[in-house]
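As structure tokens, here come the structures.
Below, subunit A partners subunit B and then partners subunit C, in two separate complexes.
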Partner chain A sequence: MRFVDEFRDPAAARTLLGAIERLAAPDRHHKFMEVCGGHTHTIYRHGIEHLLPANVELVHGPGCPVCVIPMGRVDDAMWLAEQPDVIFTCFGDMMRVPGSNGSLLEAKARGADVRFVYSPLDALALATRNPDRQVVFFALGFETTAPSTAVTLVRARELGVANFSVFCNHVTIVPPLKAILDSPDLRLDGFLGPGHVSTVVGNRPYRFVPEVYGKPIVVAGFEPLDILASVAMLLTQLREGRCEVENQYSRIVRDEGNPAALALMGQVFALRPHFEWRGLGFISQSALRLHDDFAEFDAEQRFAMPGVRVADPKACQCGEVLKGVLKPWECKVFGTACTPETPIGTCMVSPEGACAAYYNFGRMHRDAAHLVARG
Partner chain B sequence: MCLGIPGRIVEITDAAGCLAKVDVSGVQRTISVRLLADDMPGPDEWVLVHVGFAMAKIDETEAMLTLAAVQQLGEAYTDELEAFRGSTA
Partner chain C sequence: MTVGTLDQELAADLAAASLVLARRFAAGATLWCLAPSWEPHAQHVAVEFVHPVIVGKKALPAVALTGPDLVAAGRVSVRAGDVVLAVAGADDPQVRDVLRRAPAWGATTLWIGSGGRPPPGAADHVLWLDDPDPALPATGGFVLLYHLLWELTHVCFEHPGLLTEQAPGSVCITCSDEGRLGEVVAPGRVRTAGGVEDVSTLLVDPVAPGDLVLVHAGTAITRVDP
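Right after this comes the complex of A and B.
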């Protein structure tokens, strides 16, 4: 068990792995989905998939916010970035995501004023420093980041910053989970719930998973031991015939989430009737737009954006990867046409994307695991 | 961008605007604590910082352990810290 030595507490890891082995019914194959890209990163970084017994499999879910942005929205972002007088701001991860005419990084090389920011507040500060320019922020992410955008907009209104707007692409976690549970492609035995999203939404929104679909879900932290502990909790539930929402990450996540953040989101955002997800298609009530009260800050209203729907590239199998149907290395272009340097799909761009995480770490662990198995 | 990094509150710089100075691995910058307005953190308390916002309070032991784990992520951590350092809202 060479990888275990990298863990915070190798002895605890060994204990948990022992428990997992005992709990996993030998005559069954257990398939759990880790919802969050942060989990995927940890799993590949620490070779966890090779530490688990062969009949306990982790599949990746749709929880990487950069990965789920469809090509049409990237094209809209490019269009905005190329408008005269616009300073277009986004998170660093988003810069290399390919649209149908290159990435924002390439738009920048062609002369567009694209800047990456650490925080939406930095974009707002840029607007106050450049009153004669239009500053647009490319907002994306699940409920983890949406409250930050909400606070920034409230702040923009307080300060009366007229040259600031937001291109809103925030999405919510529950609808894609439902879509995956409804999809016939995949038979899952349970979920590792997203840790940081849950600091905001709490544990209650996941109740439908056991109640409607009869599957257990354990909200999990991001350290390797958290992942192992959560897998053990899922297996315990199955063993005992229970099916509940459990919280492994209770040191950070409270049952009720963060009510202040939820209230701010309610004030600033409204649900879109439907939204397109990369590879998953349109999912109803799965994304947020700015509330009418904040329409003055809505880039989609301020600019006459083309808003053209663009099909995902043919070679790209990100949808299959995002649904957990394919493993990254099973995509035809993985590691050949599609690499972190020249990504075709989104999952290869963000470090939280399954393909990038596997490309960077997973392959080594896989090779090492095969060597160990042979030796 | 989904990474949360533990930071120690140095001081509340603007109580009305909910701004605080935090220290993340020796790098200091201003973040917003508005999402914790119901239970405002004070100096020397630890918070989980995400895109320039304190998301949750954490205790010191947890902060240290999380920091050690996040540092193990290598590039993802240094990129995040670089971004954190680079901007001064």
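Right after this comes the complex of A and C.
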């Protein structure tokens, strides 16, 4: 029953599932990638992938910002956190991401002053309350989160908060999509585009997906019905021989995004020439640094950080999972050496990481899902 | 459905809504009822829950919201954790507006009606009679539905083990691409399901009290149409 309840409107869910079954070509296997970690979480939490017909497969992409942080950047964060007089702040999940010498949580246990915050504005407030300490914010996330960092930096400058800085690890959504589309490992039939990222960037940046690569993309909301409706829209495009950017999440996402947010990001950030993504390697122009006008707040300039590149542990297959080449349970250490309590790879840390989402929800839903689908 | 019979889908919806309602009541919720076109339905639902017709059943807090401005009434009445129940057609603008805002007030929403269905996501639970007859609200079909809702809610109360809600799993703000609905109280102050928060509204300015926005990591990143 729990399974059905969570669809909110089970009748609508069944109608959509019926449509998906009719639209999926029986002689084809359809493979769609959901780019966003929030979608991955919804899909596993509600057992959606097990409700879909066998020839419609969802693969999980690199949309969890914690999952794509390379080990070397975690080590830099640990180094920063362990500097005297530093209060190091980050979002909660980042605390558990393993670097080569443990996690920020372990650094905290060793005595480093690491605090988790809900917003970069909270980190700035901490800096104003602690003028004798250096407060560093570990900024990460896609274009949904970058505006909040930009707003914070503008406010920091207005207030003249000299003891605040940002360790910037913001990434952008389009370059990894390109990298995945260029990857020979993976043959995809379309994408579920990110929801809240698109409230900022709008729908236009995805046009290259149909225009250059000939794949449809549907910007999707986060409710189970949104996911099902978006899969049906992708299949409809394929059935009708169309290939477009469509917006299923039009109740929130506007075509042009948020121009004010984009303009502010343009002032505060600049593109890095390249940035390392866990599992995807170096991707050019895929991440943001602070613009020279905001260099005074750049932790990478304020502190002499080691900046060493560190290879992933040998057992870790996060790269293949992030590219959708492997399903989480196909990793050799999934559920044995690597669990949410003792993560080896990043995908097991955040509940939105494909491995943690599958570990927490996916394993329990197969049988229930088939019962519901039949019901 | 004809009065006296329930199809399987509606029965499942009713069971799911009753369980949620029982859980909310067990956690201290008040049920706020509105039916702008048929006010007696709002009063009937409220009295049903407050004044149980079966001896020994628990009286549950329920209030009919009436008056010319239901959004304003809901805004001052509804607390986080409450339930808002509407009896109305899918095109009722006041009901759509109240139910759109209710998540920002922290409330669960339930919509009873007939004819064309509301769009997906318009309410957390939709109990719908697909019969297009415009006279249906006067025939007793709705009364049967909310009587069953009341009765099933009490059935859930007989099984205390059902009343404990699973704690929602933690989500990472950035990894989940979080976006919480908020209602602007004043520039820089936004009401969300978590209470009134300091939120930067710089990127959606100018804002006015009552505007709806999406909040991510302490910043309103877009406006949301009411």
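Quick note on the criterion: the second predicted complex is superposed on the first by the 361 of 375 C-alpha atoms of A that agree within 3 Å, B and C clash if a C-alpha of one lies under 4 Å from a C-alpha of the other, contacts with A are read in each partner's own complex, and residues count from 1 in each chain.
Here is the rule we use: contacts are C-beta pairs under 8 Å (C-beta built on N, C-alpha and C of every residue); 3 or more make two chains touch, one makes a residue touch a chain.
Not measured: the values here are computed from a predicted model.
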Which of subunit B and subunit C A:Asn258 touches, first, second, both or neither: both
First (subunit B), second (subunit C), both or neither touched by A:Pro147: both
Which of subunit B and subunit C A:Ala11 touches, first, second, both or neither: second
Partner chain(s) touched by A:Asp122 [first = subunit B, second = subunit C, both, neither]: both
Subunit B versus subunit C as contact partner of A:Cys67, first or second or both or neither: second
Intersection of subunit A interface sets (partners subunit B, subunit C): 8, 36-38, 41, 45, 64-66, 91-93, 118-122, 141, 144-145, 147-148, 151, 155, 196, 199-200, 222-223, 251-253, 258, 260-261, 264, 350-352, 360
Subunit A - residues contacting subunit B, complex: 6, 8, 36-38, 41, 45, 64-66, 91-93, 116-122, 124-125, 141, 144-145, 147-148, 151, 155, 196, 199-200, 222-224, 251-253, 258-261, 264, 350-352, 360
Subunit A residues within the subunit C interface of the complex: 1, 4-5, 8-12, 14, 36-38, 41, 45, 63-67, 91-93, 118-122, 140-142, 144-145, 147-148, 151, 154-155, 194-197, 199-200, 221-223, 225-226, 229, 251-254, 258, 260-261, 264, 350-353, 360
Parts of subunit C lying in touch with subunit A, wherever the complex brings them together: 9-10, 12-13, 15-16, 19-20, 117, 120-121, 124-126, 169-179, 198, 200, 202-205, 214, 216-219, 221-222, 224-225
Residues of subunit B defined as touching subunit A within the complex: 1-4, 17, 31-32, 34-38, 48, 50-53, 55-56, 58-59, 62, 65-66, 68-69, 72-73, 75-76, 79, 83-84, 86-89
